[in-house]
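As written, the chains take the letters A, B, C and D, and residue 1 is the first residue of each chain.
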Amino acid sequence: MGLPMIFDSLKRSKPSQPTNRDATVRRLVQACHELLSEEGEASGTTRAKETLAQYAALDAAQRVSLFQALRTDFSPNPEKVLEAAHAYAHEPSSVNLAVLLHAAEPPRQELLRRLNRAPGGTHAIIGMRVKLLDALRKEPELAQVDDDFRHLLSSWFNPGFLELRRVDWNAPATLLEQLIQHEAVHEVRDWNDLRRRLQQDRRCFAFFHPAIASEPLIFVEVALLPAMASEIGPLIDTNAEPGDATSFQTAVFYSISNCQPGLRGVSLGNFLIKQVVDTLSREFPRVREFCTLSPIPGFRDWLKERVTHGFAATDKRATPKVRKALATVSPQFAGLMMSAADLRGPDSPLPALKRELSTLCAAYLLGIGEEAGTSSNAVTKFHLNNGARLDRINWRADESDKGLKQSLGMMVNYVYEPKHIERNHEQFVRGRTIASSAVEDLI
Amino acid sequence: MGLPMIFDSLKRSKPSQPTNRDATVRRLVQACHELLSEEGEASGTTRAKETLAQYAALDAAQRVSLFQALRTDFSPNPEKVLEAAHAYAHEPSSVNLAVLLHAAEPPRQELLRRLNRAPGGTHAIIGMRVKLLDALRKEPELAQVDDDFRHLLSSWFNPGFLELRRVDWNAPATLLEQLIQHEAVHEVRDWNDLRRRLQQDRRCFAFFHPAIASEPLIFVEVALLPAMASEIGPLIDTNAEPGDATSFQTAVFYSISNCQPGLRGVSLGNFLIKQVVDTLSREFPRVREFCTLSPIPGFRDWLKERVTHGFAATDKRATPKVRKALATVSPQFAGLMMSAADLRGPDSPLPALKRELSTLCAAYLLGIGEEAGTSSNAVTKFHLNNGARLDRINWRADESDKGLKQSLGMMVNYVYEPKHIERNHEQFVRGRTIASSAVEDLI
Amino acid sequence: MGLPMIFDSLKRSKPSQPTNRDATVRRLVQACHELLSEEGEASGTTRAKETLAQYAALDAAQRVSLFQALRTDFSPNPEKVLEAAHAYAHEPSSVNLAVLLHAAEPPRQELLRRLNRAPGGTHAIIGMRVKLLDALRKEPELAQVDDDFRHLLSSWFNPGFLELRRVDWNAPATLLEQLIQHEAVHEVRDWNDLRRRLQQDRRCFAFFHPAIASEPLIFVEVALLPAMASEIGPLIDTNAEPGDATSFQTAVFYSISNCQPGLRGVSLGNFLIKQVVDTLSREFPRVREFCTLSPIPGFRDWLKERVTHGFAATDKRATPKVRKALATVSPQFAGLMMSAADLRGPDSPLPALKRELSTLCAAYLLGIGEEAGTSSNAVTKFHLNNGARLDRINWRADESDKGLKQSLGMMVNYVYEPKHIERNHEQFVRGRTIASSAVEDLI
Amino acid sequence: MGLPMIFDSLKRSKPSQPTNRDATVRRLVQACHELLSEEGEASGTTRAKETLAQYAALDAAQRVSLFQALRTDFSPNPEKVLEAAHAYAHEPSSVNLAVLLHAAEPPRQELLRRLNRAPGGTHAIIGMRVKLLDALRKEPELAQVDDDFRHLLSSWFNPGFLELRRVDWNAPATLLEQLIQHEAVHEVRDWNDLRRRLQQDRRCFAFFHPAIASEPLIFVEVALLPAMASEIGPLIDTNAEPGDATSFQTAVFYSISNCQPGLRGVSLGNFLIKQVVDTLSREFPRVREFCTLSPIPGFRDWLKERVTHGFAATDKRATPKVRKALATVSPQFAGLMMSAADLRGPDSPLPALKRELSTLCAAYLLGIGEEAGTSSNAVTKFHLNNGARLDRINWRADESDKGLKQSLGMMVNYVYEPKHIERNHEQFVRGRTIASSAVEDLI
């Protein structure tokens, strides 16, 4: 038996509780202490079940009070940590390391592991984190509690434990309605729309975890096409005839959506995309190109900001071409704030500004004017951080209300080229964005 | 994004390698560093797969060399830990806690998490630990590496992620032959023997983990009987007629075996027994008693030791009755060392010593003469630590060679009484053994 | 080896073909002869596959031509039958019976059995029969061909080979959309409507056959309620709150629909209802009453007929009450022909005629005025033939357009009382309808 | 509704019963009549269940009495048949054909169809037939009853309703032990033996029917080899190393066994072999040769007969070579009747007679001396009737006791060549055996 097991048997959490907790929360905090105790260890899953039942009965304020207790009562003891750190610095032996790790690990981590033993425990913990993330907005000091949730969930939802499954029209309706509910990029209008997205020239893949097997964690929708798509309309046209399998050369990832807000910060999308690339490569050896057709949320807001404040004079990345485009667009900016309907209409200023807006969009995506050196756009960051290349900006790619409002109808293709993924990512982390020459030329 | 994620992107492991490593191990250690790096993060599961493949090609000496590298190159940096501990002691903020946890956690934990991403990763890691446990016997300083394996495996094999399944004669032969192979208590002689153990008055339950779904982790064999069993023979008699379901009042756990040596120290048996008690209670509401019929390994060796050295004169727990029993047995001890065949024969000294040996066996199981206050017997410790009660010592309960050799044919029943489990466990941890009055009377 | 096997090896079908068949059909007829021959027997399933492929390529006229060929070329030879019948009459031995059966069975039966050997053969044969039933309308002499299809399909779709499955919201969308498509009584408006019909206070059961496992054969929708339903609206109200399981006392079968027109005449509904009664009785021991809420198609047409022609003066079953009701309704009959919207409106003649129309509806359902003695209504005949009792006529039970058009808004409950089913059926076959006293009182 | 349905409602079976039936059988016969009646039709599956339960309680004599009743009371009425045959001969209309078929079909067929409706009905009917086949040996007039069982079972177990499944070591033990039990050619000695037969260079395929899904109907064992096997030993050697998949060029069917004696006469083996050839062709495109390695039961008995009686002088097929071989063997025939051990020993007459015995074995397999023109050996008839070619006689191919006793150690390869199967079969039916030139040369 290793040393930590000895330490497991020591009481690690303090029993005293502040007086501003109501009785219900106090009882629950007490139950948590007991769950961590010797008796709790022996109870199998009974105490874990009971403790989760107590949690389920809390109201919103009580939940926040509990989360505060997790922070104050279930954190490492700084003195003991310091003592252990000294001992380890003095002699980095196995025993001293074990003592250090035991002292440094917040007891709430073991608490979560014990709660997880209950039937449905994983599900409950994910639900608890949804509430914690809510609370975190107002109470930033809860970040350390959330760190422990995220740390454990990341370990438990390691890709090695996930199952990639294709979802098609043979899937249970209970699963399909979750796709409809969680699709966050291009709304699924109805069941016919969904059916079209699951036909033979489309693919939908989702990650599942055995502990919550009936709920997808994240899913991606893919169109198999003869070439890289430049507009979204035909991809989600319910009446489009399915394409012929012999013509497939490109797989276009046109939507990726998370289903579990309680898994925020747990890396899933990156692995999903790469496993789907693998899977499709095997099923369709002739498909060589893997890319996205992605929205550009935030471009119009960014543009407004630029129109108002311009680029810093010292910013070398803001090329004359970019500055000139901004100068051209600025006077007409009011026109760009039209309703989506007007932007689609005959008096739209868009056609006349195609060149300049494309340049400015490239600037936005390349992070020009950003301190970090890379774009502030979350979608861009996601794909570039995954190792994709910024490949093509598409004009009039999404003329829906949403598309016009967020990016004046433009969309972007990111390309995943397996052999360059590591290098692209490494560059991105160092503050540089890998883009195609077509995009570079725009600026 | 929480703070630890930022830290994740920093290099945490040192690139320099000692010169006594051979080139193969050096390459693998380098691969491990890269897997932990930015590029590794972006590679999806490719690098993990490759790294595991490199590991699989190592020979025994290279594996030990690798484990040494995991200890020397992938441990926390004592100075950084101390620095972080000081900062946390000075101000226990979320940021300081995050920095502390990041500094204190051995980088090999993250390495294992990344290796686990590969297909078959969990299986490989368990296999790696089997080898590590081997190496550990000669190189005790590897304990700290093993601590990290055990810590992660304990988290991943949390009961909330395990599936309890009944195994019956409908199970795949591939699974059944694993039971035959791993049965550690009462050998399964052949397929007929196994079939009898899976009939309607017997139960076999096993835990499975989805990541290694075709291999049982641990299994327990149960006999459903009208009363607590006092000998093993009839329970594993291939020709015994199956009992009638209306007569079942007692569930006797007569064998529990681990199938995964790589999961040593990960608590499984405790949860298995309690979930099986639950499951059987629901299926057979009339079954009220849950007990074991357990072997007593080590009794004869213990007895030899006592015969040689006696009990300390100051040991108050060694009652006069116990001392007298020892005094009676000692002169005849040579006879007790006979072969099993002779012990079964007409000249066996056993019948004449039934009372004294029962007393001494009770003393052994109650931990009389032990510093810890509780028995040194691993089976006893397992059940008492799980909250069972030491209930009855059975004379002539197992007259097989093995049974006579280890315990002169005696076996013991431990009783699991749900409402006393927590208390019994708590007492045991404090150095006391809960036993029935029948057992107490023996001493 | 029995005698018929010897006969199997004789050529049983005539090779000559009439000249008005086109070449494609001639080739297919030839293929059928070969499939029945020795070579065909040896080919495994190859020839069956090829023959079905030839059939699949036929156009409508060619199909009729093929069906004619099945009639003319694959019927029993009258002379041989007569000869065999004489021999059997002379000596009813096993051999003579075997010869008789071989002579009398139309060779097209064996042809269908051989076609069925092909992968997908059963499905193809059912599809073939759909076309045959079409053709039969214009070519009544094809009845004898259809008799053989029905005979074989009845044997193959024997209830012993069917699987009863509950269909709920967990079912594949591919299955659920078949329910939407085939629901023939109360149209499923959309997926929300369907979901409501599959919630916890509703049940849907379907029969499946392993050879066409992904297609339901027939399904029934059931509402679990505190009492017998008297109107359809609440049962299919998408927004209705699900009822509480503790309140269920009655199971109301409110819709039963066939999915396979090619199985016409194969008894499925009768067995479905009785198996569902069994299944629900076991799941809900407190549910004691099993009834339908059924439409009354044809009542308004029947009424029109009666208004025009009255009852025969000699018809003793047409009671004075019935005759009087008809006399009262007749002058206002034009009003009853209003549009459904008007019938729902303030000037509707319905309220004033409730009593008379109920009486006439009872007369319709009891078969008053019918030669057969029982109702000509197919739904009524189905349930009464299954052994149900005519229990209650419900006024304003279905005010949909369809409900008003076919039955002026009335619906009827048939009650299935297990212990009276056989007797009720037997009475019905003898021309009598078992009805409740409430219904009897109406006339 | 077709005409036969009208006739279904007429009583078809006679109620009077002979006096020598005991009361139990009389009650059961009465139940059968009722099951066929109107009330029976309405009862769903209840009466079928009850009738089967009555049957299950019969003793052997009562069963025979019941089978007699099925013959006497549930046969077609000769007068009605004759009448219907006359009508049909006079006018072969649909109605007259329907009347004819209804009159000619033994009512026990419909009885079996109705019994089949009960849960487990198919299984019970197959079991009933096992007993009927037993009874048939003593009471040949029951053949006509058996004809109806076989007719219905052949229709129900049509290959279109069977599922071909590969059985490997992952199969449930309950299934595997049925293989051990039913293996009829080369006994499975124990579970190790079975495991070897299911490894990667071996295949086992079985047919299953959904109505008795847990029981195989028939199975075949196949060895994948570089070339046609000439002896059985290496194929069933438990210790043989599995062959390498790249070397597979020949699939050798070395055992085929029926599991359901109640399905005698239902063609299964023929379809099984052909579907397995198809399946293996797809999995192993490089495997081009499909053959058997088959025992030659009856050769030694045949030889004894020939030694005693010789060939008819007029038999042209008995060539001089054959006659000469017989002349050579005859004087030494006593030696060939030695025990198997002696035949394997140093004084065995076998080596000296290799040429002659091979010639005589070829004669036996080619049916020389048989009136039918083809061999009387059931295995030979089975494969040749399936369209195989007699390819090679193997000396010292099976030196087990059984192999020496039945065929003096010889075995034979039949080759299935897809493109010649139909022709070979057709020749065989005409009394000719297709053999390789190697075999022809032997005679």
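Simple rule for what comes next: a residue touches a chain if its C-beta (ideal position, glycine included) is under 8 Å from a C-beta of that chain, and two chains touch if they have at least 3 such contacts.
Computed from a predicted model, the values in this text were never measured in an experiment.
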Identity of the chain that, by mean CA position, is farthest from chain A: D
Whole-Å gap separating chain C and chain D, where each centre is the average of the chain's CA atoms: 39
Whole-Å gap separating chain B and chain C, where each centre is the average of the chain's CA atoms: 63
Centre-to-centre distance between chain C and chain A (centres being mean Cα positions), rounded to whole Å: 54
Where chain D touches two or more other chains at once, by residue number: none
Full enumeration of touching chain pairs: A-B, A-C, B-D, C-D
Chain D residues touching chain B - in the complex, by the definition given at the top: 169-174, 176, 190-191, 195
Chain A to chain B touching residues, read off their complex: 1-5, 9, 38-39, 41-45, 75-76, 78-79, 81-82, 84-86, 88-89, 92-94, 97-98, 100-101, 104-106, 113, 116-119, 121-122, 140-141, 143-144, 146-147, 150-152, 154-156, 158-161, 163, 210-211, 265, 270-271, 274-275, 385-387, 421-426, 429
